[in-house]
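In C-alpha cells below, several structures.
Paired with chain B in one complex and with chain C in the other, chain A is shared by the two complexes that follow.
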Partner chain A sequence: MSSTVVSTSSGLRLPRWAAPAGVAVLFVAAYVVFRGTGTLPHDKEAPQFLAVTELREWIDDHRNDNPLFLYFLNYIRLFVAWLYDLFQTGLSALGWPGITGVMGALAWLAGGRRIALLALGGVSAFGVLGLWESSVDTLALVAVAVLLSLAIGIPVGVWAGLSVRVRRAITPVLDVMQIMPTFAYLAPLALFFHIGAPAGAIATMIYSIPPAIRITALAVSEVSPTAVEASASLGATRWQTLFKVHLPLARSTIALAINQTIMMALSMVVIANLISAPGLGGDIIRGLSRAQVGIMLPAGVAVVVMAVLLDRMMTAVARRDPHAKRGRTDLLAAGALAAAGLALIPVLPKVWPETLTINVVAEVNDAVRWAEDNWFTVTTWIKDTTSLVLLNPLESLLTSAPWWLVALAVLVVAWRVSGLRPALVALACLLAIALLGVWEHTMQTMTTVAVAVLVALIIGLLLGVAAARSPRWSAVQRPLLDAAQTMPAFVYLLPALALFGTTRFTAIFASVIYAVPPVVRLVEDGLKAVPATVVEAAVSAGSTPGQLLWKVQLPMARRAILLAANQGIVMTLAMVVVGALVGAGALGYDVVTGFSQRTDFGMGFVAGIATVLLGVMLDRITQGADRRPSPRKRKFT
Partner chain B sequence: MGVSPDNAAITVAGLWKIFGTKAQKVLDSEDKHLDPAALREKTGCTAAVRDVSFDVRPGEVFVVMGLSGSGKSTLVRCLTRLIEPSAGEIRIGGEDIGAASPTRLRELRRHRVSMVFQHFGLLPHRKVIDNVAYGLEIQGAARQARHARAAEILSLVGLDGYADAYPDQLSGGMQQRVGLARALAVDPEVMLFDEPFSALDPLIRRDMQAEVIRLHREVGKTMVFITHDLSEALKLGERIAIMRAGSIVQLGTAEELVGAPADDYVADFVRDVPRSHVLTLRWICRDPEPGEPLDGPALPVTTVIKDAVGVAAGSSQPIRAMTDDGALAGVVDRVDLLGFLSGQETGAVRAGT
Partner chain C sequence: MKIRLLAGFVVLGLAAVGCGGATVDATSTASAPAAGSTASASGGGTVKIAINPWVGYEASANVVAYLLKNELGYTVELPEIKEQLAWEGFQTGDVDVIIENWGHPDLKKQYIEEKKVAQEAGSTGNKGVIGWYIPKWMADEHPDITDYKGLNKYAELFKTSESGDKGQLLFGDPSYVSNEEALIKNLELNYKVVVGGSEAALIKSAQQAQTQKKALLFYFWDPHWLFSKTPLVRVNLPAYTEGCDADPKKVACDYPEMDLDKIVSTKFAQTGGKAYELVKNFSWTNEDQNAVADDMTNNGLSGEDAAKKWVEANTAKWQSWIPK
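Up next is the complex of A and B:
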C-alpha cells in the first residue's frame, strides 16, 4: 500500500491532480443526475426579442422627431455621409488614370520604384477583375473610416501615452472593443445610424480605432524618458516637447499604428455590407450567402490586393531610414507619374474599359464544383468524423446540461485559471446570456469555438515549436504568417467554402486558418524569448533536445502559450460568428437573420449582444495569461 | 572666501523629497525621521531626499556622491524642479525656485541652468548640430544664429566636422560630448551633471573628466556634478557631499573626507583611496622637537604627501611645511613619511587582495 508511505506531519497529502479530478467527478455526477432539467431551449418569439423589435419600430418612427436623433446622431450621420460623398466623388472624378497615377506617385514616395510598380499593378488589377467601381467605393469607405479613426485615435493615443491615468481609464474599453466580434455592433449601429455608407463607415471606424489608439499610446510612452527630460531641462514647453521630441521619436511606430488601422478597416468594410455599406463587400457577402465561390473570389482577390498594396506602402513608410533624404530622382519620378495620370483623365475613359476585364465567375465555380466532386470522400470524412467525435457529443453535453451546472463549471474553471474577479465577470456574462434568452444557441456557438480553438492550438503549438527549433523552418514560415496576418478575416472563408460547402465545419476550418498564424507567432516568440543562458545551462547539464523542450522551454514560455490560447479564442469566436454566412448556424445565424428579416431584428440584436458577452466571458476565463505569471508563484509568496 | 546665502550660486536648505501618495502626511508627521525601509513598510512612501542643505559657490565644482539609490539623482532634479520637491528652499542666483511660476521656471531652465544626463538624452532624429541647437531653438532663436552658436560650441568640445552626423553614428564618448555641447550652448550660469560618464568605458571616462576640468577652467561655470565613482569625485570636486539614504553624511574637501571621515560609512568608502595622493603635509606635520635642524627644504603645507617623498629623499633634513603667509606650520622628517606610508601600505595591501 503506497499510501502508508506518507510521512509529512500535516497528515494525509493528496497528489496535485486529486482536487481537480475530484471536482471533475462531482461535475460528471451532477450532470448524470440533473441531465435534461434546467435547460433553456431557444424560442424565436422570446419576449426579449420582441421588445427589441418594437424598440426598433419606435426608433424608425421617431428618427426625425426625437431630439437625440434630430440634434446629435443625425448630424453625425450627415457629416460622415458628406465625407464619404466627398471621397467617392473625388476618386470617381480622378477616374482610373488619375487614381493609378496618384497611387503610383504616393507609392514611389513611400517606398521607391518597387512599391510604385506594385501600386500600378494593384490598381490595374481592380479594373481587370471587373470591379473598378466597387473598388473605388471600398477605397472611399476605407479612407473615410481610417481618417476618422486617426483623427480621433491618434490624439487620444498621444494623450494616453503621456498620461498613465488616461491609459488606465481607456485600456478596459479598448479591451472590450477588441474582443467584440465584428458582427456584434452592426445591429445597434443600424439602429442609431440607419443603414448605408455612413453607418458602414462608423462601424468600420469602431473596429479599426483600437489599434490606432493602442499603438500610438505605446509609441509615445516608449519615447526615451531621458530625451523628454533633457528637453524639459532646457525649458521646453509641453507642446514643444510633444512636437519636437515625442512625435518625431514615435513616428515610425505611429506609421505602424496607421497601417494596422487600415488593415482592420479593410477587413471590416466587407462585413459592413450587411448594413448596406457599398463596395466589394456586396459581391463577397452575396457569394458567401449563395455559396458561390466564383462570385466572391474576384472581390476577395481585389480586397487582398488592396490590403497588400496599402500594407506595403505603410510598412515602407515606417521602415524608411529616418536619416535618409528622398533623392531628386524619386521626387521627379513620383511627380511625373502623378502628372501623367492626371493628364490622361480627359483622354481616357473614367471607368475601366469593359474589354480589358476578365470574367472568371463561371470558371471558378466549375473548378470548385470539380474539387467538391473529387475530394468529396476526403472532405466528408473529415467533416463527419469531427462532428461525430467532437462536435456532437460536446454540443449535446452543453445543451442538455442544466444552465446552473454550466455556470458553476465556468465559475470554477475561470477562478482556477484567472482568479476570482475575472471569474465573477465571466459568470455575470453567462447569466446575462441566459436572461437574454439565447442560451441554447450560445452553447452551440461555444461548442464550435471550443473545437476550433482546440485544433488551432494544436496546430499552432506544433508549428510554433518547429519554428523555434529550426531557423530554416522559421525562415520559410515567417513570410507566410506575415501574409496571412495581412489578409482580411473573411478571406479564409473562401477556401473553406470551396472545400466543405455550407456547413458548420466550414466556419471551424476558416477560423482555424484565421487563428493559427498569431498562435504560431506567439508560441515561437515565447520559446525564443527563453534566455540563451538558461538554454545553455540546460544543454551543458546534458539535456536531450526533448528534455530541453519539455522541462525548460515550454514551462518558461507558459505565459506566451496562454496568451496564444487567449488570442486564439477571441479570433476564433469572431470568425465562427461570421461563419454563420456559410452555415455555422447558432448565434451568428441569428445575427444575419436579424439583418435580413425585419421581424427578427430583435433576435439578431440580442444575439449580437450575446456574442459580445460570450467573447468577454471566454476572454476572462483565459486572461490569467496576462495578469498572473504562474499559478505556483501565488501559492508561495 | 566663505559661503553665505548672499553670494552663493545655489542655496539649498532643508530640502525633502518623498515619493508616494501620502507624501505630505509623512512630511507633517514624525514618521519622516524613520529610516527609509521602515518608512516604506509603514506608509508606502519612499523618502529619496531627506533634509538636505548646502551652498554652492559661484564657479565651484560641487560634487554629490553616493551609491545608487542614495537620492543623488533626485536631488539634482529637484534643483530645477524636474522633480517637484516636497519641502525646503532652493535658491539659484538668489531667486527662489520653489516660488517660481511655470513661465519663470522655464526661463530659468532656458537661460541659467542646463543639465547633462547619464544616458545622454539626445534626439536620434536630429543631426548633431540640431541637437546642440535644441535649447536655442525652443527659445525661439533664428536658425542661422543658433547654428552659428552650435558650431562654435561643437568646436569647443572637440567635435569639429561632426555637425551633420546623427547621434547613433557616434561613439558613446562623442555622444556625451554632444550632450555637453547642448548644455553649454545656452550659456548657462550653472551646469548640472547627472552621472554623465558612468555609461562610458573607463578610458573614455578619463578623457571626459579631463574635458570637464578643461571646460571648467575655460568657461568657469558653476557645476554640480553627481557621481557614484569616488575617484571621479576626488578628481573633479572642489567640495564633495557624500549622500546616504537621502541625507548628506559629510560635506567637505577631498582632503577632509579622506583625512577625517565623519562616520564608518564614509571611512569605508574612502578606505581604498591612496591617502598620500590626497592628504597634504598639514595632516602629518608636527612641531619641531628641540634641537631639530630647521634648515631643510621648505614646502607649502598644501603639498600632497606623495610629492613630498621625492623632496625628502634628496635631503636628510626635516622638511619645513610653510603656510601661505610664510609662517612655519610644522616639520616632517623621513621617519614621519615612512611611518605614514607604511600605515597606508598595509591598508592598501589588505584591501587589494
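Up next is the complex of A and C:
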C-alpha cells in the first residue's frame, strides 16, 4: 500500500493539478465578467424578516389565550421555572457553609481526599471572587438543565443503543444539533418560552442533550452481546436485562455522558444570559458591554473553576471500579464534611462575607489598559493588516460575486472533496440562505470563518507535526490542550477583547484559540497512526525527515487532516457567531440585534436559521469520504 | 419517549395549577416572588431594577438601590437586561423597575395600554438628547462639518478598515435607541454604521480622537460625564419637529429632547409599598447623575460606593424621596 501512495502522488501529479487549475481559471473569468451582477445586498426590511417579526408580535399578543400556549408551552415554562426555583431556593438556603460542606462530601465520595480538597477550594473560590450569588444561580441553572437533559437524554440514549432503527433515525438530528451554533437556539426559545430563567434552562438543556443521548447509546450498544445472551438464556425479562446487565456494564461510559452534558451546559448558561437567564453570564455580559475585562475575568474564572470541579468529580466517578466498596474512612470523612457544613449554616452568614473577597476589577482593568497603551502599535498593525490583506478583499470578492457563481463554486468544491450527496445538501443550504434574504451577511460571516480556519489550520498543523515528531513536546502540550478543551467557549473572548478591542479581528483571534486544540490533536493522532513499517520503509529508502513528512506522513494522514479542517470549521463558525458580542458583524450581530431591538426580531431569527444552514453547508463541504465523529464528543476523539 | 415525557410535564402542570390553562405573567409565574408584598415598616421584599448598559442609567439605579437597601430595608437585585427586553421582563416578573426610560412610545402603547403589565412612574428629572458628535478639533478645522450637509464632503476623513469605502459612523451597544440606518439612507449620506458594541468603546474612541487628533463621527447622548472632560461638538441634523420620527423607516430629522422617565410593573405599583413610593419620588438633575457616573467610571468606585458618596453628600435632595 505504501508504495502505491508514493508512486501515484508523483506519477499523476500533472493531470491532478491541471483539472482544478482549469476550473479555477474558469471561475476567475466568470467572476471578472459577471462581477457586481446578481448580488443579493442586505435589506433590513426584507419581507421574510418582517413576516417573522409580525409572527412574534402575534405570539406575544396571544401568549395567554392560544391553546397551544395555554395548555402546553406555558406549562413547560412553569414546570421548568418551578424546578429552577426549587434548586435556587434550596441552594441559597444551604448558604455557603452548607454548599461547601455538601459539595466536599460528594467530591470525597466520588474521588477521595484530593477531589474533596479541590471541591472545598473551588466552592470557596466563588466566594473569594465576590461572585457567590451569581455562582449559586448558575449552579442552579446548570443543575436544572443537566437534570432535564439526563431525564430525557438517557432513556432516549438507551433506546437508541438497543434499537438500530432508532439510532439511525436520531443520528442526523443530533448531527445538526451539534453543528448548530449556540446562538441559533435562543431566538426560537424566546419566541415560545419568553425570557428569563426557565427559557435559559430550556435553551441550555437543548444544547446539552446530544452528548447525553449519543454517548449513552454508544455505551449501551457496546455492552458485550455474550453477557446479554447469557442473561436472556437464564430467563431474564427485557427490563431485567436492561437494568441488571446493560446499565451496570455501561455505567462508567454513562458517567462520561453526564460529564459531557455538564460541560456543554456550562458553556451555554453564559450565552443564555442574552435571554435574561440569571447567573455568572450576567457578569460576563456586563463586562462585555462596559468593555471591562476586569468585570469579566472573575466571572470567567468562576465558570472555569466550576467546569474543572464538576469535570474532575464526574471523571472520578466514571473511573472508579464499580466493585470496590468505599472504605469506612471515606464514608466517615464525607459524612463529617457534610455534617460540619450543615451545622454551620445557622452560625455563619448565608452570603459569603464581603471582607473575604478579593476585588481585582481595578487591577485587571489597569493591566489591560497598560497592554492596550503599550502594545497598541503591534496589535493595531496585526489587526489592520489582517483586515486589509485578507478580510476586506475576500469579503468584497464574495459579496460582489453573483450568487449563482458562489453556489456553483460550493457545488464543485463539495462534490470534489466529499462526493455528490453532501454537495447537493450544501447547495440546498446555500440556496435556502439566499431565499431567506441574508445572503450578504452570510458571505461576510463565511469570510471571517475562512480566515480564522486558515490561521487555525496553519497553527494546528505546525503544533501537531511538532508533537508527532517529538514525544517530549507532545507531553508538554497534552495537558494544555486538555485544559483548553474543558473551558467554555466564551472564555476565549476575554484575552481577544483585551488585546484587540471590539472588531472583526477579535472574533477571529478568539476562534483561532478555540479551534486550535482539537486541530492539533487530530493532526498529531493522524500522523502517529501512520504505520511504523511505512515510516521504517521510507527511512531505509533514504528519505530525509522533510521528505518523510511531506511525501509519506502528511499524505497518509490526509483523512485526519480533512477531519481536523472539518472540526475547525464547525468550531470556528460557532465562535465567530458568538464573536458578535465583541465586534464581529454579519449574521452573529443580526442575532444580537434581534434580541435587543424588537423591530429586528425577524432579522435575528432568520439569521439564526441561516447560521445553522451555513454550519451544515460548511460541514458537508469538508465532510470527506467517511463519517466523521461528532465535533463535540471531545473526550472520544 | 420525549413526547411521553412532555405529556408528563403537562399533566404535572395541570395538576399544579388546575385546569384553566397557564398564562405567562408576573402574577401566576412561580419564578416571581411577590416583590415587596411583605413590605412593611420593617422592610423586606425584593425589588428588581433592570440594568441597561450605560453608566448614567447605572448611576440612577445604584442610588435608588442604595436608598432602598439602607433606608427602607429592601433586598435589591440589579439584573443585566437590555432596554427592550426589560419591558418583557415586566410581563414575566423578571423586572420591577426601569429607572431611566428613553421614549419608546411603541413599547408604552403595547405594555402599558394594551397588556397593562406596566405603568409610568414619573420623570427622573433628567433631560436626554441623542445626537451625532465629532471631537472639537474637527469643528475648528472644518467649520462646515457641523452641518449634516457638509458630512459627505468629508466622508473620506472618516474612513476606517471596518467601513470600507464609506465614512464610519460609530455606534454603541446594539440595544440603544437608534435611527442611524434610516438617517443615513434618507439624508443620502455616504456613511456606514459601525457598531463599537458598548458605551466604553464610544468613550474611548472619542477621547482618542480629541487627544490624538483623529477623525471620528459617533453616536452619543446627554446627560453624560464625558462632555465635561472632552470637548465635543454636535452635528446638526434637520431639526426635530413633532411627529417627524413617527415612521422609523422615514426618519430624516434629529432626535428630540426627551424627558426621561421611570417605568414600573403594574404588580410592583400595586404591591411595592414604600419601595414603589421611593421609585416614584426619585428625581434629580443631569449634574447629579453625571457626578455619580463620573465616580463610577473615572474614580474607580463601584456602583454602590459611588451611590453612597452621593447620598452622604446630598442628604437634602433625597430626604424628600423617602416615603413617610
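Side notes on the structure shown:
To be clear about the criterion, the second predicted complex is superposed on the first by the 595 of 637 C-alpha atoms of A that agree within 3 Å, B and C clash if a C-alpha of one lies under 4 Å from a C-alpha of the other, contacts with A are read in each partner's own complex, and residues count from 1 in each chain.
Heads up, the rule we're going with is that contacts are C-beta pairs under 8 Å (C-beta built on N, C-alpha and C of every residue); 3 or more make two chains touch, one makes a residue touch a chain.
As the structure is a prediction and not an experimental result, all values here were calculated from the model.
With both complexes brought onto chain A, simultaneous placement of chain B and chain C is permitted, the two fitting side by side without a clash.
Of the two partners chain B and chain C, more residues of chain A are touched by C. In the superposition on chain A, contact of A:E229 is made with chain B only, not with chain C. When the two structures are aligned on the shared chain, A:T253 is found in touch with neither chain B nor chain C. Of the two partner chains placed by superposition, only chain C is touched by A:R290; chain B is not. Once chain A of one complex is fitted onto chain A of the other, the partner contacts of A:S387 are limited to chain C, with no touch recorded for chain B.
In the superposition on chain A, contact of A:S400 is made with neither chain B nor chain C. In the superposition on chain A, contact of A:Q547 is made with neither chain B nor chain C.
In the superposition on chain A, A:K244 contacts chain B only, with no contact to chain C.
Of all Cα pairs linking chain B with chain C in the superposition, the shortest spans 25 Å.
Contacts from chain A toward chain B in the complex involve residues 224, 226-237, 240, 244-245, 248-249, 251, 322-323. Chain C makes touch with chain A in their complex at residues 1-2, 5-6, 9-10, 12-14, 16-17, 21-25, 28-31, 51, 53, 55, 79-85, 88-89, 91-94, 106-107, 110, 114, 161-162, 164, 173-175, 178, 181, 195-201, 204, 248-249, 300, 302.
Every residue of chain A that touches chain C in the complex is listed here, in rising order: 44-45, 60-61, 63-64, 67, 69-72, 74-79, 81-82, 84-85, 151-152, 155-156, 159, 194-198, 273, 275-276, 278, 282-283, 285-286, 288-292, 361-362, 383-384, 387-388, 392, 396, 501-504, 581-583, 585, 589, 592-593, 595-599. Against chain A, in their complex, chain B makes its touches with residues 77, 80, 82, 105-111, 113-115, 117-126, 134-135, 137-139, 166, 179, 182, 186, 192.
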